[in-house]
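Next, two complexes with chain A in common: one pairs it with chain B, the other with chain C.
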Partner chain A sequence: MVDFLNGTIALFGDPLNAALFAGAVLFGLVFSIIPGLGPVTLATILLPFLAHLTAAQAIMILAVIYCIGVYGGAVSAILFNIPGGPENAPTAFDGYPMAQQGRAGKAIGAAITCSAIGGTVSAVMMMVGTAYLAQWAIRAFGPPEVFALIFFGLSVSAAVGADTVWKGFLSVCLGLLIGTIGTDPAGGMARFHFGQNYLMAGVNFIPLILGFFAISEVFIQGRSMALGIHVPPKIGIEFPSLKEFWQLKLAIFRSTMVGFFCGMLPGIGATLAAFMSYAEAVRWSRHPERFGRGEIEGVAASETANNAATGGAMIPLLALGLPGGALTAVMVGAFQMHGIEPGPMVLITSKDLVWMVFVAMFFANLCILGLGYLETRMVVHLLRIPFSLLAPTIVLVAVIGAYGVRNLLLDVWVMVIAGIIGFIMRRSGYSMAGVVLGVILGDLGESAFVKSMQLLDYDLFAFFGRPICAILIVAGFVSLGFSLRRGLKRAPAR
Partner chain B sequence: MAEKTVAGGRAAWPLVAEMAVWLAIIAFMWAYSYQFDRNIRNYAWGAVGWPRGILLIMLLCAVLSFGFELAAQRRGQKLTSVWYSENEEGTDVSTGATLRIVLTFAVPLGYLWLLPRTGYFVTTPLFLVCYMFLLGQRRPRHLIGTTLGIFAVLVLMFSKWLFIPLPTGNWPGFYDISNFILVAIGSG
Partner chain C sequence: MASVLAPRLFVTLAALAFATSSASAQTLQKTAGFPERNISIIVPYGPGGGSDQVARAWGTAMQKVTGVAYQVENKDGGGGLAALPDFLARPKDGYTLLQHTDALASAEAAKQIDFKLGVEVLPLCITQATFSQLYIRPSETRFKDWASLLAYAKAKPGEVSLANIGVEGSMEVVQVQALEEAAGIKLKQISFDKPSERYAALLGGHTDVLFEQPGDVIKFLEAGQMKPVLSLLPDRPDAYKDVAALKDSGLGSVQSLQRIRAFWIHKDVPADRRAYLEKACEIAYNSPEFQTFNTQQLMHLSRSYYNASDSIPLLKNMIATYQKYMK
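Then we have the complex of A and B:
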């Protein structure tokens, strides 16, 4: 408690620190709304300037950008089906249909509140348990456990958004197959590159999600306009009621835990946290068929988890010097720039720095609540813009978002082709959520599987000799069993 | 999703086409996988193990999907809905509407094709006007005002402030125009 108070005084007692905090909140919000830019871009742009600040100020700014950035992308995901970053993609699964149904206010309200809750709770957990949790997570979770976790996440994906269970599985498999394009994780051998050097690095995820979500949506709405059956979205700025939030309590609690835990695993981070949490929300729901069609619990699960992951990700970074994702890797760079080596000693030698960062993350998550509600009152009205004016803007922003990732026009082609494929698949009852889930989890899954097989001497049954693995794999098979039972009963998935 | 009666064998052709597309993808990818079917020293199952496993699951799901949908059709049910077009029943698809649908896809593709040739700064305003017009915007004030507004914001944000090297074109003359714009905004 004393450390927390000292950190608060250090942060807000100094006008420069307070101004840097406010600036990081504001710029983090603006950058995270624009697809293809995001908090990582902002952090890398700022990195040279951070050398002129103290180490505590530099890390504090990056930590605040991290927290705010993870939330900011939810707004464009909900309003226009354009996730600001990969970690906001599951938010679009239900947030965008809610906006189309005139419940944009509820969706954004849920995103704001859940982001704030997830982020704040994880910040508290981070303050309390950094030293102990980091050691446990690293020791208990090897590649077999990570693979089992991913298998567990994928096992429920067939239930999300597709017309039938089989189409759900096909969507996920297509995503997994797209994930194999590039080089294999064991020997670095080029696969499915079709003679294109560009494809040897794999298909970048950002053009894919922009294509599957934003561009396919423009095509779908454009077709409706051509046929004269376009229905403009209703405007709704009504926020979720307390009763609605109370009904989400279990989902928020579960997603906070899932998000925090995924955040602690190096290389997993906020994106997987959001997808895993969404999958868990579907698994535990009494109405899984509602997901993908405007279920508020889907928005809550995704947004709670991705912000909860921010606190979790700081644990291996500060306690062991292991960055969990791109932005935490930039933080390692900032530490080294100031001559500090992140690791167990940093908690002792740079206690003031650590606590100022903890406090800044705590208050940044609280800021989401206030700023978010102010922002919502304004941004929901963007839906009043006629689609004829909005569509070209969406296409242009998406084009720059895809192009800006690597300054390659081929990424833009990938985005448009993904848009056309997305259009056809959505009209045929397939699940874009499933495809995206497959791409994200496939890449990580194969890497973990290869390492597991090398570790376990190619014995698949050895997974069951590790308690955490066994539990996750058995639970995954049970989920698959439920999905298959529904498929065999020949009932539509919704 | 209301159940709909689908009469006759003709209704099955979309299912057959869908199945054929999946089989073609699976067969093509499987055949292509022989290109990298080589031993890896530190991994016994090689680079093909994982993708071929996925392809086998895909094959199983595609066959089961086809089988269940066909069986449902024969029972007079339809498992797959097209939820974005539930309000399309009875829509008369005229030639004009069909042309507009084709252009909805073709205009962005044309824009992309032109982008490296004529450059972002020349092609983008044209794309904006064309696409807005295609989507039904007819008021000149909106067409011109919105185009200029969006173009100015994007150019300033991405070229001047963020220094993203947007394509400048490689056809004669277009590079010079793009360069002139970049110099004018102080980013060249």
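Then we have the complex of A and C:
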């Protein structure tokens, strides 16, 4: 408590620190709304300037950008089907249908509140348990456990958003197939790259989600307009009621835990946290068929978890010096720029710095609440813009976003092709959420599987000799069985 | 292991020494108006990594020498190869440079690129070159140094697991292959593509040994969480006098492959601009800021600067070694 108070005084007692905090909140929000820019871009732009600040100020700014940035992309995901970052993609699964149904206010309200709750709780957990949790996470979770966790998440992905379970499975399989394009995680051999160096890097995730969500939506709405059946979305600025939030309590609690835990695993981070949490929301729901069609619990699960991951990700970074993702890797760079190596010694030698960062993350998550409500009152009205004017803007933002990821024109083409495929698939009842889940979980899952096989001497049954693996894999198969049973039951009726 | 704490002191001394040097903050006269605008550095890896960090530190030092800003463009993927088509397509006017590692030499050896290093794409300078080591956990009970690790690995072939990069033909894989052949052992190599996962695997007890460069794991060494058992250098470096090296372990035949980070330019860039940038690179390398940066990464333990002409024989040697192990 004394440390928390000291950190608060250090942060807000100094006008410069307070101003830097406010600036980081504001710029973090602006950059995270535009896909392809995002918090990582802002952090790398700022990096040279951070050298002129103190180490505590530099890391504090990056940590605040991290928290705010993870939330910021939710608004564009809900209103326009453009996730600001990959960690906001699951938010679009249900947030955008909600906006189309005139429930944009409820979706954004849920996103803001859940982001703030997830982020704040994880910040508290981070303050309490950094030193112990980091050691536990890396000991308990090796590659086989990570693979089992991903398999467990993947086992429900067929249930999301498709007309039938079978189409859901096919959607996930397409995602898994796309995930195999590029260099294989074991020997570095290029697959399905057609001799193109660009494709050796694989299909980048951001152009893919921009194509599948934003561009395919422009095609679908454009078709409706051409056929004269376009219905403009209703404008709803009504926020979720307390009763609705109370009904989400279990989802928020579960997603906070899932997000925080995923954040702690090196190389996993906020994106997988959001996807895993979404998958768990589907698994535990009494109405899994509602997901992908405007279920508020989907928005809550995704946004709670991606912010909860920020606190989790700081644990291996500060306690062990292990960055979990791109932004935490930039933080390592900022630490080193100031002659500090993040790791166990930081908690002892730079206690003031660590607590100022903890406190800044805590308050940054609280800021989401205030700023988010102000922002919502204004941005929901963007839906009043006629789609004929909105569509070119969406395409322009998506093109900038796709190009901005790696400054490659190929990514813009990937986005356009994904948009066309997405348009055809969505009209045929397949699930874009399933495809995207397949890509992200398949990519990480394959990498973990390859390492597991090498470690376990290519013995598949060795997975069952590790308790955590065994539980997750068995649970995954049970879940898969339920999905198949549901598919078989419904098949005759169709 | 007190020796690894020396870098902190060295950084301070180096900064003081260079601050008093007349050569510091030296600017270079422009050549026929070049450069007159910002210069781009294409980095083939993501933000925050070693390549990104060295490109940004070098760019800042170069800005002071040449008077123009250096913009880093991260184009990651494909083991560093995804950035190459874009670099080759840019105007050959000296306003685009490439930062790349020894992975480029490995790619030439594997015939993954359709140009020759030193012929079509020329090194401007190498600003980081370092050696690798094998690390274990200090709490490891089965072996405590290279001799006991070697004996254990010989007694139980394929049981000792090694966290490494898995890319066939990479410096990491070729170096371990050469070591295994010379030592007569077989290690179980686990392919980790992300450094943080590699380190976590050793710290968490999922693998037994880690292959890495000392600068990348200095924080773990200082915290006593990792322990070097073998330096992959012919002789013991001063900072690691208590750690076995190749010659004294009877592994003198193993060629020490280096992790290099270099800056490259296209051959069609006018010769006067190339010469200007080569000279600027040397001044920037010797600047106090860059020296402090390099020392923090333990680059002072072995020679880490090669100018354009010295770089070519080093690269050719590396390519020949890679080719030998790819057959």
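Just a few scattered comments:
Basically, the second predicted complex is superposed on the first by the 489 of 494 C-alpha atoms of A that agree within 3 Å, B and C clash if a C-alpha of one lies under 4 Å from a C-alpha of the other, contacts with A are read in each partner's own complex, and residues count from 1 in each chain.
The working rule: a residue touches a chain if its C-beta (ideal position, glycine included) is under 8 Å from a C-beta of that chain, and two chains touch if they have at least 3 such contacts.
No experiment lies behind these values; they were computed from the predicted model shown.
In the superposition on chain A, A:139 makes contact with chain C only, not with chain B.
In the superposition on chain A, A:192 makes contact with chain B only, while chain C stays out of contact range.
Of the two partner chains placed around the shared chain by superposition, chain C is the only one that A:202 touches, whereas chain B remains out of contact.
Of the two partner chains, chain B is the only one touched by A:429; chain C is not. Residue contacts after overlaying the shared chain place A:223 against chain B, while chain C stays out of touching range.
Within the superposed three-chain model, A:330 lies in touch with chain C and out of touch with chain B [touch as defined at top].
Using the contact criterion defined above for the overlaid structures, shared-chain residue A:320 touches chain C, although it does not reach chain B. By the touch criterion defined above, A:74 lies against neither chain B nor chain C after alignment on the C-alpha atoms of chain A.
After overlaying the two complexes on the shared chain, residue contacts for A:339 are found with chain C alone; chain B is out of touch.
Counting contacts as defined above, chain A residues 186-187, 189-190, 407, 450, 454 meet chain B in one complex and chain C in the other. Residues 8, 11, 46-49, 52-53, 56, 60, 72-79, 81-82, 84-86, 158, 161, 165-170, 188-194, 196-197, 199-201, 203-207, 218-220, 222-223, 225, 296-297 of chain C are the ones that touch chain A when the two sit in their complex. Within the complex formed with chain B, the chain A residues making contact are 37, 41, 45, 163-164, 166-167, 169-170, 173-174, 176-177, 180, 184, 186-187, 189-192, 194, 215, 218-220, 222-229, 231, 293, 386-389, 391-393, 395-397, 399-400, 403-404, 407, 409, 412-413, 416, 419-420, 426-429, 442, 446, 449-450, 453-454, 458, 487, 490, 492, 494.
Interface residues of chain A, counted against chain C in their complex, comprise 40, 43-44, 47-48, 51, 138-143, 182-183, 185-190, 193, 197-202, 204, 266-267, 316, 320-324, 326-333, 336, 339, 341-345, 406-408, 447, 450-451, 454-455, 457. On chain B, the positions that touch chain A within their shared complex are 1, 18, 22, 29, 32-33, 36, 38, 40-47, 50-51, 54-55, 57-58, 61-62, 64-65, 68-69, 71-72, 79-85, 87-88, 91, 93, 97-98, 100-101, 104-105, 108-109, 111-112, 115-116, 124, 127-128, 131-132, 134-137, 142, 146, 150, 154, 158, 162, 164-167.
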